[in-house]
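In the two complexes below, subunit A is the common chain; its partner is subunit B in one and subunit C in the other.
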Partner chain A sequence: MNALRRLWYRYSPQLIIGELLEKRWMEPIVPFTLMLLVFAAFIVTIPSYASIVQLQQLMRSFPEQAFVAMAMALSILSGGIDLSVGAVFAMADFLTLYFLQVQDWPLPLTIVAVLAWGALIGAVNGGLIAYAKTRPFLTTMVVLIILRAAYNKITGVYAAELAGASVDSAAWDFLGAGFVFGIPINMVCLIVIGAIAHLYLTRIRSGVHIMAVGSSRKAARHAGINVQRSLFLAYVLAGMLSALAGLLYAARQNSAGTDTGVGWEVNALAAAVLGGISLAGGRGTISRALMGAAIIFLLINGLVQLGTHGSLTSAAIGAILLAAVAFNVKFVKNKGKILQKIYVSPSLVEFSPPASIERGGGTVFAENDRLKDSEAIALDKIEGPEDIILDRSDNLYTVNRNGSIIRFLAPNYEKREEFARIGGRPLGMAIDRDESIIVCVAGMGVYGVRQDRTIFKVTDETNRTWYRFKDDSRLWLADDLDIAADGKIYFSDATTRYDLSEWALDGFEGRGNGRLVCYDPATKTTRTVLANLAFPNGVCISHDGQAVLWVSTWLCRIYRYWIAGPQTGKLEIIADNLPGYPDNINRASDGNYWLALVGLRSPVYDIAMADPSFRTRMVKQIPPDEWLCPGINFGCVVKFDDNGEVLESLWDPGGVSHPTITSMREHKGYLYIGGLENNRIGRVPLPGADKSWTGWDSYWGDKTKKGAASAVAHARADHVVSA
Partner chain B sequence: MSNNTNSILSFMRAGVAGVALTIAASAFAPAQAADPRADLYAKFEKAVKGKTVAWVPVWVGVLEGEWTRVMKAHFDDYGIKMVMRDPNLKSDVQLQAVSTLINEKPDILIVQNPTTTLLARELKRAMESGIKVIQVNMASNQLTDAYVGADVPKLGRSIANEVIKACGGGKGSGKIAILQGEATAAYSFDMTKAAMEVFSKDPSIKVVSSQPTNWDANKAAEVTTNVLQQNPDLCGIMSVWGPQTAGAAQVVKNAGKQGQVKIFVASDGQPADCDMLEQGLFYKNLSYRADTQGEAIVNAVLTLLQDPRPAGSTQLAYYTTNYWVSSKADRQYCFTVPKE
Partner chain C sequence: MSSEAAAAASQPRSGYKPSQAEIVLGVTLVLFVIMSVALPGFITLGNLFTLARNISILGILALGMAVVVIGRGIDLSQIATLGCSAAIAMTMINAGWPVPVALGFGMLLSILMGLANGYLVSVVEIPPLFTTLASGLLIVGVTRALVVPAYQVFLEPGHTNILALGGTIAGGLPAPVIAFAICALLLHLFLSRTVIGRFIYAHGDNALAARLSGIATRPLTMIEYALCSAIGYVGGIIMVGSTSLMHLQIVDSTLIFDVILVVVLGGVSLVGGRGNVLSVIAGTLLIGLLLNAMTIMNLDIQTQDMIKGLVLLLAITIDSIIHPRDEETAKQGD
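Take a look at the complex of A and B:
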C-alpha cells in the first residue's frame, strides 16, 4: 500500500499538468481545443464532411478571412487596432476587378497596384497614428467609413461594366481555382505568408520591434526602438495583408457586391480575441489569430451546411463565441494561478529517527563548541560565501551574492578584491590543474576564471530528457562541482524545477528533480550521468580518484558513484539518515572528507515529509512566511571516511557566527568555513592536521597518485537513487 | 357460415380467373400494354422519386420563404428530397454553400444569384459535374439548364410605361427617381436598364436619381430623403422591389407628399405590398406572384428530372406572368403567408 502511495506521489499527474501549463504553446489551448471540437462536431453531423473534396472546399473558402484576421492581429499586436481592414479588403477586391476587367491591365501589374493600394491606406493609418499621434480606434474607423462610402459609390458607378465583364486569363483562373499538390492556391498563399508572418514577428528585428512596441511603448522607446517607424510599419503591413485578401477574393469570387467585406473587421476582431490575442497589445501570435478565424469560419460554414436558418446561424455563432471568449479570458487570466496551485507536487519521504545531536549525548554528532571561537575573516566584506577555496599561494577565493568571485589576499586576508564578475549566483568552486577557478553558477551553468581573470564558459547545457515536457537541457541550478584526475568535471544540478530562490519548494517536493552531470573537456560534451536525484548538492572526487561522492540534501544521504576501477558505474549509499541536511563535501588532509550540514532535521518536519498531502495543503492555503520549512539556520561540520562513517563534528552552538554552513575547506592546518547567508568566513585551526596540506596538491600535486591512498570501501546499500 | 363459405369460394374463383388472365397476358405481352396511364405514372415516379433538389436563396425572406413553402409542398408529394442552405445575405457564405453542394452531387441545384458574377463559375462547374441548374428570378452571366422567374426587362418596360402615363407629357414635373436593388444583381440591373431605355425615348421624363438601395428599406429611405430635398417637385419613384420601397414610401408620407409623389413598384406579391397599396403608400404595384413562381420552379424541376439528357443540354425559360395591383380589388395577386 505504501509502495503504491510512494509511486503515486513520485509520478503524480500533477507533474505533467504543471509542466504542460508552463509551456508557452499551451496558452492558446482553449481556442485550439474549440477548433478541433467544432471540426469534429461537423464531421459527425455532416456526411462526408472530412472527404477530400470537402476539405479542399473548406481550404479554398477560408484564406481571405484568415488574411484579414492576420491584418487585424498585426495591428492589435502593435498595441492599436485597425478597423479599416474590411474596407481595404473590399476596395482591393473592386480594384482588382477594375484594373483587370475594365482597364485590361496585365495580372502582375494589377497585383502590384492592389498591394500598393493596401500599403497606401496602411501608410495613411500608420502615418496618422504613429506620427500625428491620433488614436488608432478613431483613426481607422474614420478611414473605414470613408473607404466604405467610396466603395459603395464606385461599385455603383461601375456596376454595369463589372456585371458584364469577365477576364480570359489562365493565370487569373489559376489564382481563383488552381491547386498546388491538391491544396487550393489561396491556401498555399496563406500557409506560406502565415509562416513568414510568424517568423517575422518572432525572429526578425523589425517584427520583434512591433511586438515590443505593443507590449510597452515606453519600454520599447527606452530600449532604443524606433517606436514610430514600428507602428507605421505595422499598419502598412496590415493594409497589405488586407489588400492581398481582396485580391485573392476577387480571383475566386469574381464579384464586388455591396456586402463584400461588410462586417469583416468585426469578424477579424472576434477571431483575434477568440484566439486569445490581448487587446492591450504585444501578447499573441499569428497562429492564434488564424485559429480564431478558423473557428468562426468553420462554425458559419458548418451551420449553413446543416441547413440552419440564417438568423439562427448568426445567433448560435454569437452565443458560442461569447462563451468561448469568456472562458478563454478566464483561462488565460487564471492559468498562472492554476499553475501556482498545482505546480508544487510533494512526494513521500519516510525518515527514521536520526542519531542524537544532544550535547553530551555520546554520539559523534553531539553538539560541542569547536567552532565557537572561530576567527572571522572578511567580516562584513562579503555577502553569502556559499563556498570558499584557497589557491597554492594561500589566497582565499569566495563567491558573493551579487555574482562575483571575491579574492582575499594572503597572508592576512585584509585586502579584498573582486577577482571576476560572472553574474548569476556563483556557488561551489574547484581549482583545476591550470589553477583556474571553476565555479557552478546557479541559473547559468559552469564557468571558469583563469588566473589572468578572464572568464570562460565551461558548459551551460546538458542532454534533454526526452520524456519531459519541460525543457531541462539548460542547467537550472548548478550547485557544486569537482574535477576528476582526467579533467572531467562532475557537478550537481540540484533541481530542474525551481530557481535558487525557490529551493524551499523543491524541499517540499523532496522528489528527484536534480541530476549529476559530467562535462568532458576532451570531447567538450556535457552528459547527465545520474538523473532523478533529490537535490544533489555537494560533489567531491574521492581521494583515490575512483568515485564521486555526492549528497542528497532532502534525503540526508551520502552517495558514492564509481567512475573508475572495477565498480565503474555503480551507485551506492554510504551514509543514510544523517541528522542534518548535507551540503558541500571537500577533502580532508587525513584522507577523510569534510561535510557541511546546512541545517538540522526536526521531528516535526520529518513527519511533514511523510505526509505529502499536508505539504500540498500548506503550500496552497497559507502564505509563504508561515510555511513549515526545513531548519537551515543552524548546522555543523562533520568529517566522514570512505565508508561513510562519521568521525567527528564541529559546532557553533546557536549559529552565532556560522549559521547556514554550506561549505568548509581545509588548508594548511586550518579549516575555513563559509555559509550561504553569512557575512564572514570563519577559520579554526585543526590540531594535529598536516600543516603543509593543500587542496590543490591533493588533486594535482606530485604526491597524488591515482588510486594510491584509499582503503577498500564497503557498500552499505545498493542503488537507491531517490525517494 | 354458409355466407362465409360462399365468399371464400367466389374469391378462389376470382383467383383462378386472375391466374388465367396473367398467363394469357404474358403469352401476348408485346402486343398489348397493360395500362398506359399506370405506365406513365411509373415512368414519372422512376424519374422523380427519391431525387434530391438543393436550393440556395440569398436568404430566407418573405419571398424566398413563399418559394420554399410551395416547392416543399410539391416535392413532399412527389417524394423528392429538398435541402436548403441559408447564407443570410452573405455572398461569400453563399458561394461556399454552392461549392459544397456541388461536391454533394444533388440532382438539381436551384440558386438565386445575388450578383451576375458571384456564382457564375460555380454554376458552370455544377453542370460539368452533372448537376442540372435552375436559376430563379435573379440570374447570372452563366446560362444554365433553366431559368424560372419574371421577364425582368418586361417588368421594367411595363412599369416605365405606367410611370410615363402618370408623370409624362406634362402631367406633373416629369421628374423620376429610380430605386435599384443591388446594383450588380441581374434582376435590378436588367429592370433599370430596360426602364431607362423607355424613359430615354420620352423627353418629358427626367430621371433625377438612380441609386442602389441593396434591398434595404433604410437605405431607400436615406436615398429618397436626399432626392426629395433636391427635387421637391418629384413626380414619381420607380422601385424594383417592394420591401425596400416601404422605406421610401414612409419618407414621402412624412414629407406630406403622398399623392404628389407616385410610387411604382415591381414586386413578388408579398402581403405587405398589397397592404401598402391599400393604404395609398404605393401607387401601382406590378406583382409577379411568388406563389405561382414557386409552382413554376416545381415544373422546371419536374421537366429536368424527366429529361434524360445530361446537365447543360437545355436552356429552358419559364417566364412568369405579371399582374397589376392598383386597388383593393386586386388583392388576389398578393399571396398570403400561411400561419405555421
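Take a look at the complex of A and C:
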C-alpha cells in the first residue's frame, strides 16, 4: 500500500500537468483539438464530406476567410483591433472586378492597385490609432460603417456593368480555379503567405517590434521601439491582407453581392480569439489564427450544409465569441495562479528518527562548542560565501551573492579583491590541475576562471531527458562539483524544477528532480550520469579517485557512485538517516571527509515529509512566510570516513556565528567554514591535523599518499550498506 | 505642474467657459438658422414636428446609452435588445395576451438581457465592447430562430393605446417628444439626485477607486446595463407606436452608431464619468438636425451613413484629444 502511495506521489499527474502548463505549445493544442473535433463531427454527419472534391472545395473557399482572420490577428497582436477588415475585403472584391472588367486594367496592375487600396485604409486606421491615439475598436468600427455604406452605394451603381463584363485572361482563371499539384491555388497562396507572415512576426525586426508593442507598449517604448510606427505598420499590413482576400474572392466568385463580407469581421474576431490569440496583444501566432479561422469556417460551412437556420449560425458565432473571450480573459488572468497552485507536487518521503544530537547524549552527533570560538575572517566583507577554497599559495577564494569570486590574500586575509565577475549565483568551487578555479553557477552552468582571471565556460547543458515535457537540457541549479584524476568534472544539478531562490519548494517536493552530471574535457561532452536524484548537493571525489561521493539533501543520505575500478557504475548508500540536511563534502587531511550540515531535521518536518497532501495544502493555502520549512539556523560540520561512518562533529550551538553552514575546507591544519547566508568566513584550528596538507596537493600533488588511502577504502568495502 | 501654472489654476476663473454641451447647442442653433435660410421647407411646422418625432426616439435610446457610457462602458447590443424584446412583446399581444402583461414581459426580458450583459462585463470581466457585440448576435439569432422567424412583427390593428404612444397629442405635438422629455427629466433626477446615480459617475470616473472606497461596482455595472436596456425598450415601444411594426432589420442598421454619435458628440466622453442629460439633449438636437437636413437634401441612405461616419470619426478623434487616455495601461476594448 505504501509502495503504491510512494509510486503515486513519485509520478503524480499533477507533475505532468504542471510542466505541461508551462509549455508554450500547450496553448494552441486546445484550438487544434477543437478543429479536429469539428472536422470529425461533420465527416460523421454529412455524407461524402471528406471526399476529394469536397475537400478541394473547402480548401478553395477557406483562404479568403483565413486571410481576413490573419489580418484581424495581426491587429490584435499589435495590441489593438481592426473591425474594418470585412469591409476592406468587400471593397477590394469590388475594386478588383471594377479595374479588370470595367477599366480593362492588366492583372498585375490590378493586383497592385487593390493591395494599395488595402494599405490606404490600413493607413487611415493606423494613422488615427497610432498618431491621433483614438480607440482602435470604435475607430475601425466607424471606418467599417463608412466603407460598407460606400460599398453598397458603388456596387449599386456598377451592378449592371459588372454583371455583363467578363475577363479573358488565363492567369485570372488560374487564380480563380487553378490547381497546383491538386491543391487549389488559393490554398497555396495561403500557405506561402502564412509562412511569410509567421517568419515576419518572429524573425524580422519590424514584425518582432509589432509583437513587442502588443505585449507591452510601455516596455516597447522604453526599449526604444518606435511604437507609433509599429502600430501604423500593423494596420497597413492588416489592410493589405484583407485586400488580398478580396482579390482571391473576386477571382473565385466573380461577383460583388450586397452581403459580401458582411459580418466577416465578427467571424475573424471569433477565429482569432478561438485560436488563442490573447486580446491583450502580443501573445499568439499566425498558425493559431489559421486554426481558429478553420474552426469557424468549418462550423459555418458544415451548419449551412446541414441546413441550419442562418440566424442560429450567427447566434452560435455570438455564443462562441462570448465563451472564447471569457475563457481567454479568465485564462490570461489566472494562468499564473493555476500554475502556482498545481506546480508544487510533493512526494512521499519517510524517515525514521535520527541519531540524537543532544549535548552529552553520547552519540557522535552530540552538540559541542567546537565552532563557537571560530576566528572570523572577512567579517562583513563578504555576503553569502557558499563555498570557499584555498590555492597553493594559501590565498582564500570564495563566492558571493553578487555573482563574483572574491579573493582574500594570504597571509592574514585582510586584503579583499574581486577575482572574477561571472554573474549568476556562483556556488561550489574546485581547483583543477592548472590551478584554474572551476565553479558551479546556479542558473548558468559550470564556469572556470584561470589564474590570469580570464573566465571561460565549461558547460551549460547536458542531454535532455526524452520522456519529460520540461526541457531540462539546460543546467538549472549547478550546485557543487569535483574533478576526477582524469580531468572529468562531476557536478550536481540540484533541481531542474526550481530556481535557487525557490529551493524550499523543491524541499517540499522531496522528489528526485536533480541529477549528477559529468563533463568530459577530452571529448568536450556533458552527460547526465545519474538522474532523478533528490537535491544532490555536495560532490567529492574519494581519496582513491575511484568513486564520487555525493549527498542527497532532502533524503539526508550520502551516496557513493563508483567511477573506476571493479565496481564501476555501482551506486550505493553509505550513510542514511543523518540528523541534518547535508551540503558540501570535501576531503580531510586524514583520509576522511568533511561534510557540512546546512540544517537540522525536526520531528515535525519529518512527519510533514511523510504526508504529501499536507504539504500540498500548505503551499496552496497559506502565505509563504508561514510555511513549515526545514530549520537551517544551525551550524554543524561532521567528519565521516569511506564507509560513511561519522567520526566526529563540530558545532556552533544556535548558529551564532555560523548558521546555514554549506561548506568547509581543510587547509594546513585549519578548517575554513562558509555558509549560504553568512557575513564571514570562519576558521578553526584542527589539533593533530597535518599542518602541510592542502587540497590541491591531495588532488594533483604527489601521488604516493594516495595508495595508502585507497587501500584503507578497499579493506572496509565489504561491510558497506548496499544501495 | 509648475508653480506658475498652479498659481494660475488657483486664481478664480474670470469669464465664462462653456461646457461641451453648450458649445454643441450653440452650433445647433447656428446650423438651425443657416438651414432655415438655405433649405426650402425646413422651417415649416410639419417638418419641425417630424424632426422632433424622429429625434425623440434617438434621444431616448441615447439617454439609456449615456448611463452605460458614464459608467465607462458601452452597449452595442442595445438595439438588438430592444428590437427582440419589443418584437416578443408584440408577438404576445398578437397572440391575445393582455397588453400590460405583454409589455411588462418585454420590459422584464430587456432588463434581464441588460443584467446578463452587466454580469459578463463585471463578473466574467469580458470587455464591454466584446460582450455586447457578441450578446447582440446571440440575442437576435436566438429570437429569430425561436420567436420571430420573419424579420418583422406587425402589430395587429385595434391597439390604439400603443399607437397613441407614437401619435400626437393636442396641438399636433408628437407624443414621443413628451416621452423623451419625461425620460430626460427622470434620468436627470436619477443621475444627479440619487446615490446610485452619483455612484455611476464615480464608477465611470475611476472604477478602481470606486471599488476601493466601498461601492459594489459589480451590481452597479449590472444596474447600468439593465437601465440602458430598459430605457432602450421604452424607445422600442414608442418605435412600434409610431410605425405599428418592429422590424429586426434595425439591428443590422447603423442606428446603434447614431446613438453612440449622439452620446459622444454631446460630451458624454467614452472615458466615463463625464456628461449629463443636457449633453444627450444637445447631441440629439445636433444629430437630428443633420439627419433632417440630409433627408431634405435628398441624400440616399449610404451617403448619409458615410457622412455620419465621418462626423463620428471626427468626434472620436476630438474626444480622444480632449480627454486623452493612457493607452499604455489601457485594456483591449476599453
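In this text, the second predicted complex is superposed on the first by the 671 of 723 C-alpha atoms of A that agree within 3 Å, B and C clash if a C-alpha of one lies under 4 Å from a C-alpha of the other, contacts with A are read in each partner's own complex, and residues count from 1 in each chain.
Following the convention adopted for this analysis, a residue touches a chain if its C-beta (ideal position, glycine included) is under 8 Å from a C-beta of that chain, and two chains touch if they have at least 3 such contacts.
Given the structure is predicted, the values throughout are model-derived calculations rather than measurements.
Once the two complexes are laid over each other on the shared chain, residue contacts for A:622 go to neither subunit B nor subunit C. In the superposition on chain A, A:307 makes contact with subunit B only, while subunit C stays out of contact range.
Once the two complexes are laid over each other on the shared chain, residue contacts for A:176 go to subunit B alone; subunit C is not touched. Applying the stated contact rule after C-alpha superposition, one finds that A:137 touches subunit C and leaves subunit B untouched.
By the touch criterion defined above, A:196 lies against neither subunit B nor subunit C after alignment on the C-alpha atoms of chain A. When both complexes are overlaid on chain A, the residue A:51 reaches subunit B alone and has no touch with subunit C. Legend: residue contacts after superposition of the two complexes on their common chain; A:254 is shown touching subunit B, with no touch to subunit C.
Look at A:61: by the touch rule set out above, it reaches subunit B but stays clear of subunit C. Within the superposed three-chain model, A:36 lies out of touch with both subunit B and subunit C [touch as defined at top].
Of the residues of subunit A, those at positions 152, 156, 309, 311, 313-314 touch subunit B in one of the two structures and subunit C in the other. Across the complex, subunit C is touched by residues 76, 79-81, 128, 132-135, 137-139, 141-143, 145-146, 148-150, 152-153, 156, 217-218, 221, 266, 269, 279-281, 309, 311-319, 321-322, 325-326, 329-330, 333 of subunit A.
Against subunit A, the residues of subunit B that register as touching in their complex are 59-60, 83-93, 95-97, 99-100, 103-104, 114-118, 120-121, 141, 182-184, 186, 189, 193, 211-212, 214. Residue ranges of subunit A in contact with subunit B, taken from their complex: 47-48, 51, 53-54, 57, 60-61, 64-65, 152, 155-156, 159-160, 162-164, 166, 176-177, 249, 252-260, 300-301, 304-305, 307-311, 313-314.
Those residues of subunit C that touch subunit A in the shared complex are 120, 124-127, 129-131, 133-142, 144-145, 149, 254, 257, 260, 270, 300-306, 308-310, 312-313, 316-317, 320-321, 324-325, 327-329, 331-334.
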